[in-house]
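Which chain is which? They are A, B, C, D and E, in the order written, and residues in each are numbered from 1.
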Amino acid sequence: MNFLTIQDVSHVYFSKQTSTTALHDISLTVNEGEFISIIGPSGCGKTTLLSIIAGLIKPTVGTVILDNEPIHMKNKKTGYMLQQDYLFPWKTIEENIFLGLKLTNQLTNKTKIKTLSLLKKIGLSNVKDQYPSQLSGGMRQRVALVRTLATDPKLLLLDEPFSALDYQTKLTLEELVYLTLKQFHKTAVLVTHDIGEAIAMSDRIYLLSKGPGKVAQVFTVPKELRQLSPLEIRNSEQYNELFTIIWKELESLEGKN
Amino acid sequence: NSSKESLQKVQIGEVTRSIFYAPQYVALEKGFFEEEGLDVELSTIPGGDKTMTALISDGIDIALVGSETSIYVNAQGTDDPIINFAQLTQTDGTFLVSREKIDNFTWDMLEDTTFLGQRKGGMPQMVGEFVLKKHGIDPHNDLELIQNIDFANISTSFASGTGDFVQLFEPQASVFEKEGIGYIVASFGTESGHVPYTVFMAKESFLNEQKEVAEKFTRAIYKAQQWVYEQSAEEVAKAIQPFFEDTELDIITSSVERYKSQNSFAENPILDNDEWDNLQNIMDEAGELPERLNYEDFVNTEFAEMVTE
Amino acid sequence: MKEKINVPLLHQQYRNQLRKEKRWVLFFQILIFLAFFLFWQVASHFKWIDPLIFSSPITIWNLFLDKVSDGSLFPHIWTTVFETFLGFIIGTLGGTIFAAILWWSNTLSKIFGPYLVILNAMPKVALGPILIVALGPNMTSIVAMGVLVTIIITTIVIYSSFREVDPNYVKVLQSFGATKFQCFKEAILPSSFPTIISTLKVNVGLSWVGVIVGEYLVSKQGLGYLIIYGFQVFNFTLVLLSLLVIAVFATIMYKLVEVIEQKLLKNG
Amino acid sequence: MKEKINVPLLHQQYRNQLRKEKRWVLFFQILIFLAFFLFWQVASHFKWIDPLIFSSPITIWNLFLDKVSDGSLFPHIWTTVFETFLGFIIGTLGGTIFAAILWWSNTLSKIFGPYLVILNAMPKVALGPILIVALGPNMTSIVAMGVLVTIIITTIVIYSSFREVDPNYVKVLQSFGATKFQCFKEAILPSSFPTIISTLKVNVGLSWVGVIVGEYLVSKQGLGYLIIYGFQVFNFTLVLLSLLVIAVFATIMYKLVEVIEQKLLKNG
Amino acid sequence: MNFLTIQDVSHVYFSKQTSTTALHDISLTVNEGEFISIIGPSGCGKTTLLSIIAGLIKPTVGTVILDNEPIHMKNKKTGYMLQQDYLFPWKTIEENIFLGLKLTNQLTNKTKIKTLSLLKKIGLSNVKDQYPSQLSGGMRQRVALVRTLATDPKLLLLDEPFSALDYQTKLTLEELVYLTLKQFHKTAVLVTHDIGEAIAMSDRIYLLSKGPGKVAQVFTVPKELRQLSPLEIRNSEQYNELFTIIWKELESLEGKN
């Protein structure tokens, strides 16, 4: 059974003068425990799509079914990590990562400890009493990730979560997130610009084209790769093959515009 | 203190704090109100409009304000008219102050000078113009008349060089004379004749329902008026000084002296028909009289007469 | 069945909805307006409120018509509008210039900071006598009062907005070798425009207040004069008429500022 | 030769420099202060300015000592400080609450927008009689004037800062299923704190102005009363003393707000 | 002769309470026409170093000599592209890219045309009358690059110029910038998180270590690679070798902390 079903979703942004069709007729399904990535040129509607899945934007037409229920704003099953970190500058790192727990009334000693251990795993336990302005961009992004994971959502929506990180940290985190999600059998939708990242982490990759955004192609990451961790994948033969295919595809997409 | 409990509370609002109202402060300070069984609370509500507003909206029981305000209000028609029932001052309270020392002042000296008058629509301005006209001076042609300055700032303007003559209240006039800024050359009070210049007034309903209070109040005022009449200016000044903390005693004394000498303080609370007519004539002359109001309808001397008997 | 989306139609619908909402807002605004005046009229008529003090809309309207037909209202309006406009312009420009000076010199701003605070808390109304001594009892004093009321607060607010500009914009300019003046002109001033505009809006109100207070102090003409005169002769109809006229003109001036805002901040 | 860097030493130097600058600023502040009063004294003494109108610092100081020693100044001060404090608190809280209501309902804010503008431009001083009718000629009216002067402008400024909060913060909260109230509490309100604080600072000044104007309307006691009374009896020493006392207390109140600011915005 | 000489530069940030040593004893030299990259973990002082070279920050100790002159703020030889785009939101794209020309009084028809053609090359000629808020993050970054290049600086300082771009655009731009700089024999210092990018574009790579930032290692990109364009480099054998070496080095650096 499908955990997430997106059915014929289109979205148009209106202003008084203009209308921008951001998404056109998107349909896709994700099973429980699957990890999918969305790639595509800048402005093709990736963020819009995530916002729709999170229930923050009502699509102009189409339906989104999550865990057998139409999505709505008050749903607590999804964790959404925005494209920028949006840590609250007036809260300490600790207060920031407890935010979701507090809002959903789950702030207990147990969840606190769990969240702090997550912060530690991600290499930032020493900054918990600092304010976001004292952290570098990469550190902030990692904190935002912990904030999203803290409420233990069934569906994770990640909008370029690793873009501000140096290569090394990025790989470590990919590994960490990947293993954590697999371990607890979570479902995830990742938006990224990095083809390598998409291949390394996901079961399926949706390539969106622009103007307006629609699904141009779907790539399934081969079974053999799926059994490896993101680090190992990058060193495999098949990785390079898939990378080249997707790249070509992206290139031809750009060419068409 | 236990007696204070049984006192009847009366709230009065005065239009300004002025030595011109000396008898009122005497009544308060000498305990005349308490002798009558009244506990009088005094507020200053600057501006006739605000004093009258407070009276109309029952914020205060009795207002001390110029009679002209009651005429303005009553002329607009009201179910519960404002009744003048006890007169406190009976002449204008302003003086003509000259910048130069003048030994033998005559009014025609004002011609072709700059005259700093009081603001339009108020009693001082109307009396001012009335007196000028009485002396054959056309206030709008024969001299340059400045009437655009707020009451509180007229003295400042004159002190900083505007005008040859100015129309001032006490104690400003005395201060000016003491400091050599100007010289009092004439009194508008003497020139204007008797008018109900400042009067205690209340709503008709109050006077009907609280006859006893009104009578006691008037009696206390009458006592104070007599006291002021009998005492020397120094005694009066000493008595009212608590109300004028920051004014020197000699200034208060000279102000009281001046008012006493020209009979500005009414000897009794009775407001008679001639005074009422005179007031309306002056207002009419100034073009500010909305309509002529009957003495009988808006003046009640019942209490004043009762207490003076 | 798959829905087909018709973008122009949806856009039309969206715009219709906007228009509809706008109409509703307008409807409620007018409703409140009418209800207010109707209630006022009725309350005054049945003496729930004292008609002497609160007058009534119809009485005020009649007085207005009278004063319009004999032409005696206009000189008052023009005088006050002119004074307010002057006070507004001088206050806003002056405040902005002071703010620029403070921004220019960090030391100056540290030195004058506390003095600005004190000046801001001074009841300007009480400074009337000083104005009259300095400028004479004439229109200059009135305009000066309008300026006084606005200039300090303008300086404080705009200076603090200058300081909040992201220093990286200045960095960009400096990387091109920009002078301090260029940094001010290209980064500090334009990025403070939104604050300056919102200060302008506040100043519209304040300069009216300042000028009216100025006219209380000294005046032969103007709406503030009418108010004072109305009080003097206990003609509250006149007072309320003046207040309503002020409200109308202040609103017009505010709307003008809004038009300027839309022109300047076109890229909102 | 390669320079060796000694960080603690450099830090010490940096701090010394900060301290030195601070001392210079203080020095100039005191210099200006003294120069101002000295000039005033001298000008008054040699009659460059009229000592009757401008008094002189020494005369004022003597009056102050008199009034302190006979205890007659304190009741006036406490009355006014108390009224101002009340006016300030009510005005600021009230304004913030109104702003929250407007933020809550977009429609309400659209409907009331123009009315706020009009109210803001109303010279509150002219509303005195209405206050007296509504609240009586007593301290309530004075405090109400303090509130009136601050509340509208507070509402406008804070509401506009509510609207400028980056909507993505709200998005983060909504993604956790936050209610509108939670969004307000966690994002809108705290990110407007800097604006609210700067409004507080402005309101310190405005509420003093409001209360002083209120005391012009009706009063038995207070610094505004002293000013009015000083004009009446042509005692400008008293007027200026009252103004200086106001300046001192307004500054104290402002400094208190700054302390609160530093407490609240610790993460500057 | 060295075009840029950085000699024993250290920098300490002071606040009233704390002091942070951002750079410690950095020395490096760059010849005219050379392209060097700086990589290193987040917070190791890369941005600080660039700001010092640009003359925006005076280093606590040490000297920076550019073209035989000590650097100073009014120098017009460097073009500095900040880590975020910092386009002026109230200016159109066109006004933004002309900004440097305007400030240096070089705004003539000729320079205008040249700048606009640069905008076109970068694929954005159609947005010249729009405002930055109407552009996506990647587009903004490209505009910022054009703004920096417009004044034709002899030394280019680039702080992660390609971080917000999708892979495809990134490669294209690397190529473009690389060729442009080589063609006009410009000198450049690039800060990046992307090891691949560093290898693909530079003659030398400085690896900074953290706490406080100092030069941990210098890698010289082999001559053979230097003759290729960035695109070609990425497909070569030697690229992978160097990549692995640098990566290992970075990893051990992280490990040490």
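The definition used in the following text is that contacts are C-beta pairs under 8 Å (C-beta built on N, C-alpha and C of every residue); 3 or more make two chains touch, one makes a residue touch a chain.
No experiment lies behind these values; they were computed from the predicted model shown.
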item	value
Chain pair equivalent in interface to A-C, over half of contacts matched, among A-D, C-E or D-E	D-E
Chain centre separation in whole Å, for subunit D relative to subunit C (CA means)	20
Where subunit B and subunit C are represented by their mean Cα positions, the distance between them in whole Å	40
CA centroid of subunit A to CA centroid of subunit E, Å	29
Where subunit A and subunit B are represented by their mean Cα positions, the distance between them in whole Å	83
Shared-contact residues (touching 2 or more other chains) in subunit B	49-50, 53, 56-57, 152-153, 156, 159-160
Residues of subunit A touching at least two other chains	none
Multi-chain contact residues (two or more partners), subunit C	50, 53, 129, 133, 216, 231, 236
Set of all touching chain pairs, with the criterion as stated earlier	A-C, A-D, A-E, B-C, B-D, C-D, C-E, D-E
Of all residues in subunit A, those that touch subunit D in their complex	51, 54, 56, 73-76, 78-80, 82, 84, 86, 88-92, 99-100, 103-104, 131, 133, 151
Complex interface listing, subunit C residues touching subunit B	47, 50, 52-53, 128-129, 132-133, 136-137, 216-220, 225, 228-236
Parts of subunit D lying in touch with subunit C, wherever the complex brings them together	21, 24-25, 28-29, 32, 50, 53-54, 107, 110-111, 114-115, 117-118, 120-126, 129-130, 133, 152-153, 156-157, 160, 198, 201-202, 204-205, 208-209, 212-213, 216, 224, 227, 231, 236, 239, 242-243, 246-247, 250-251, 253-254
Subunit E residues within the subunit A interface of the complex	39-43, 83, 136-139, 163-170, 193-195, 247, 250-251, 254
For the subunit D and subunit A complex, residues of the former touching the latter	166, 168-169, 171-178, 182, 186-187, 190-191, 193, 265, 267
